[in-house]
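First chain written, first letter: the chains are A, B, C and D, and each begins at residue 1.
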Amino acid sequence: MEGTSPASQAWAIQVQGLTKSFGNHLALRGIDLEVRQGEFVVIFGPNGAGKTTLIKVLATIMNPSSGRVLVNGLNLKNNAEEIRRRIGVVTHQTFLYGNLTTYENLEFYSRMYDVPRLKERIHEVVSMVGMTSRLYDRVGTLSRGMQQRLSIARSLLHKPAIMLLDEPEMGLDQPAISMLWKALEIEGEGKRTIILTTNNLERGFELGDCLLILDKGKIVYQRSTQALDLADLKQAYQHSTRLEHELLA
Amino acid sequence: MSFWRNVIAITWKDALSQMRTKELVSSVLVFTLLVIVIFNFAFGASQETMRLVAPGILWVTFAFAGVLSLNHSFILEKEEGCLEGLMVCPISREVIYVGKMLGSLLFMLIIEAIALPIFAFLFNLILSLQLVVITVLTTVGFVAVGTLFSALAVNTRAREMVLPILFLPIVVPIIICAVRASGLALSGEPWGSLSSWLQIIGAFDVIFLVVSFLIFAFVIEE
Amino acid sequence: MKQSHVFRSGLLGLSFILLVVALYLIFIYVPTEKTMGIVQRIFYFHVPVAWVAFLAFFIVFLGSILYLWKRQSKWDVIASSSAEVGIVFTTLVLITGSIWAKPIWGVWWTWDARLTTSLVLWLIYVAYLIVRSYATEEQRGARFAAIVGIVGFIDVPIVALAITLWRTQHPGPVIFQGGLAPPMLLTLLVCLAAFTTLYCLLLIQRVSMKNDEGEIKRLKELCSWGCD
Amino acid sequence: MENAGYLFATFTIIWALVFGYVLLLSNRQRRLRREIDSLKETFKGRGIEQ
């Protein structure tokens, strides 16, 4: 826990001046963001706004081009492995191997995260998403919704303090969606930090404590949920997307 | 020793997954057999010419079989974004390289263990310890660069084409050495006459294991 | 801008003068080699061209390392430009080698150690360009090409060693008996200098072209982003 | 002098290739320059700062 002062403990994520460029294209152009521990942040934005890039940088999959990222007070640059231990990632891709069974997949990821008493833990997370009966089925034979539920189980194996959810509802059916949020609730005990990207304004408004709109790699809007109603948010979102349409025309 | 624990977990997962892909195992084996048979027609069946061209046929076969299986190694990781899943695990990028490399090595050695006796049987040759050593050493060289290039090729368009285009020119030196050394081994030469070939293969293995280990992170990290 | 233009013109003048001097030396000044006759004069082209090819690939190697380390696109621009020039020169090596081989050994192509090594080099660096063009994004292509640039160059000595060992088992014709006479050495050195300057010139030209291409992309990007 | 043809061929090919390459480069360079100029014109017309 070196380098973590009590003051920075309260922040789960601190991002300062984060940019990410792909050649000439700037995907993120100066993001400043602070997320308190236990906060639920929802990021909206049109396609290509940089949502996925931001999540990938926070998930340590992509290196930032410039700027500083702290997770639990740890700098992303030199503590990537320690940070990875504390985050769980769910995207619309499941990260699961179709040729392996449910159990084998979860066993593999448990090994990667050094999960203690992994057998019990696997049974625990699998029953949490209601997949106990499919423990020895090959993942490739399961339906899309089931695979996604397993993906949630996978992300919770190591009890991460921070969850990064990149459009997790994409391609999910209704039961799977409610299962997702139930699983996160049970495990979270109200203090897990969550960052969610989505296009669904109503859902995000319902879930989040803090709402952001990302547009062309910049945060163009940031409010806490108490301070606004849904209509406000919709207007802001439409404004940012309309701006884009006007420019393209 | 969590490094090796994680490496073994990846290797095991890879080996299991590759072995379960029945199309892969059978297609690589059938391919191997086909190449041997086709070359047989190409060069005529006289015992003497066969002796001469057998090592060449063997290594052409193994090189292409290697391309097939190496290609698959990272296609496996690409399908459900699994490579990103590995990258968010609390392991260094090097663990991923070593794990994948050993997985491909294991898979190729199994294929070769099946193909070599068939080869010896069809060409009337005697398998020796020398041939086994040459095969293992050369295969290590194949997977050392192959794993690096496979991770690279899978992120390009026409990935099935990119891997052989990259891989084959780079492994030219060890293919030459393996062909020569196998030729000597098959004609019953002592270890001493093989040594200079084996040394080059060994040097290639060491150099490219180290280089690939060092630069692998640059391939998978944006 | 102005300064680089002056520098480039100077380089152009220098390489022109050197090439003219080289022509004079090769055709008039240098004595004819005894065993091979006049064809041996190809040597004064063949060797400098091969040297430049090798130099070009070394620059690719350095540029690739620097690009991966610093992530500045200028290193990638230098590396990829050098690779292209290198391929042109390797092609020249292969052609001049073949033309030399015909009167001396009676065949166009022989699996001579040096020629074969050049051929493998050519294949490696063509792969370098192919990887770049097959990548889904420009930056990714640069990164992948840099990997090939590093691995490829490290492979060169091993390729040369393996092929030399392979060929010495069938002793090929000896290219040179005895050392080089002083006039021959002088001619060779001038030719080396001439082709090295030519390489520098081509590299600078290619780099500035790539920069222009980048500038066009940037302007177009700006166009689509609008003013901000 | 019986093999002078080969020597001559070498020279011709080398120079043809080098000049061909240089010509190709300078042609492309000119095209690029023109494109840059026309883009800059457009910007001026729209009053966008570069």
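We adopt the following convention: a residue touches a chain if its C-beta (ideal position, glycine included) is under 8 Å from a C-beta of that chain, and two chains touch if they have at least 3 such contacts.
Quick caveat: nothing in here was measured; it's all calculated off a predicted structure.
Colleague: Averaging the CA atoms per chain, pick out the one whose centre lands closest to the mean of every protein CA shown.
Modeller: Going by the distance between chain centres and the overall C-alpha centre, it is B.
Colleague: On a C-alpha centroid basis, what's the spacing between chain A and chain D, in Å?
Modeller: 50
Colleague: Quick one: report the Å distance separating chain B from chain C, using the average Cα coordinate of each chain.
Modeller: Centre-to-centre distance between chain B and chain C: 31 Å.
Colleague: So the centre of each chain is just the mean of its C-alpha atoms; given that, what is the distance between chain C and chain D in Å?
Modeller: The mean C-alpha positions of chain C and chain D differ by 18 Å.
Colleague: Which integer distance in Å separates the CA centroid of chain A from that of chain B?
Modeller: About 38 Å, centre to centre.
Colleague: Can you list the residues of chain B that touch 2 or more other chains?
Modeller: 222
Colleague: Would you please write down the residue numbers of chain A that are in contact with two or more other chains?
Modeller: Expected reply: 22.
Colleague: Provide the full list of chain pairs in touch.
Modeller: A-B, A-C, B-C, C-D
Colleague: If you look only at chain C, which of its residues touch chain D in the complex?
Modeller: 37-39, 41-42, 45-46, 49, 88, 91-92, 95-96, 99-100, 102-103, 198, 202, 205-206, 208-209, 212-213, 215-216, 219-220, 222-223, 226-227
Colleague: Along chain C, where are the residues that touch chain A in the complex?
Modeller: 71, 73, 137-140, 142, 214, 217-218, 221, 224-226
Colleague: Touching residues of chain A toward chain C in the complex: what are they?
Modeller: 21-25, 65, 216, 247-248
Colleague: For chain B, which residues are in contact with chain C within the complex?
Modeller: For chain B paired with chain C, touching residues are 145, 148, 152, 155-158, 161-162, 165-166, 168-170, 172-174, 176-177, 180, 196-197, 200, 203-204, 207-208, 211-212, 215, 218-219, 222.
Colleague: Using the touch definition up top, name the residues of chain C that touch chain B in the complex.
Modeller: Touch residues, chain C against chain B: 68, 120, 123-124, 127, 130-131, 134-136, 139-140, 143-144, 146-148, 150-152, 154-155, 158-159, 161-163, 165-166, 169.
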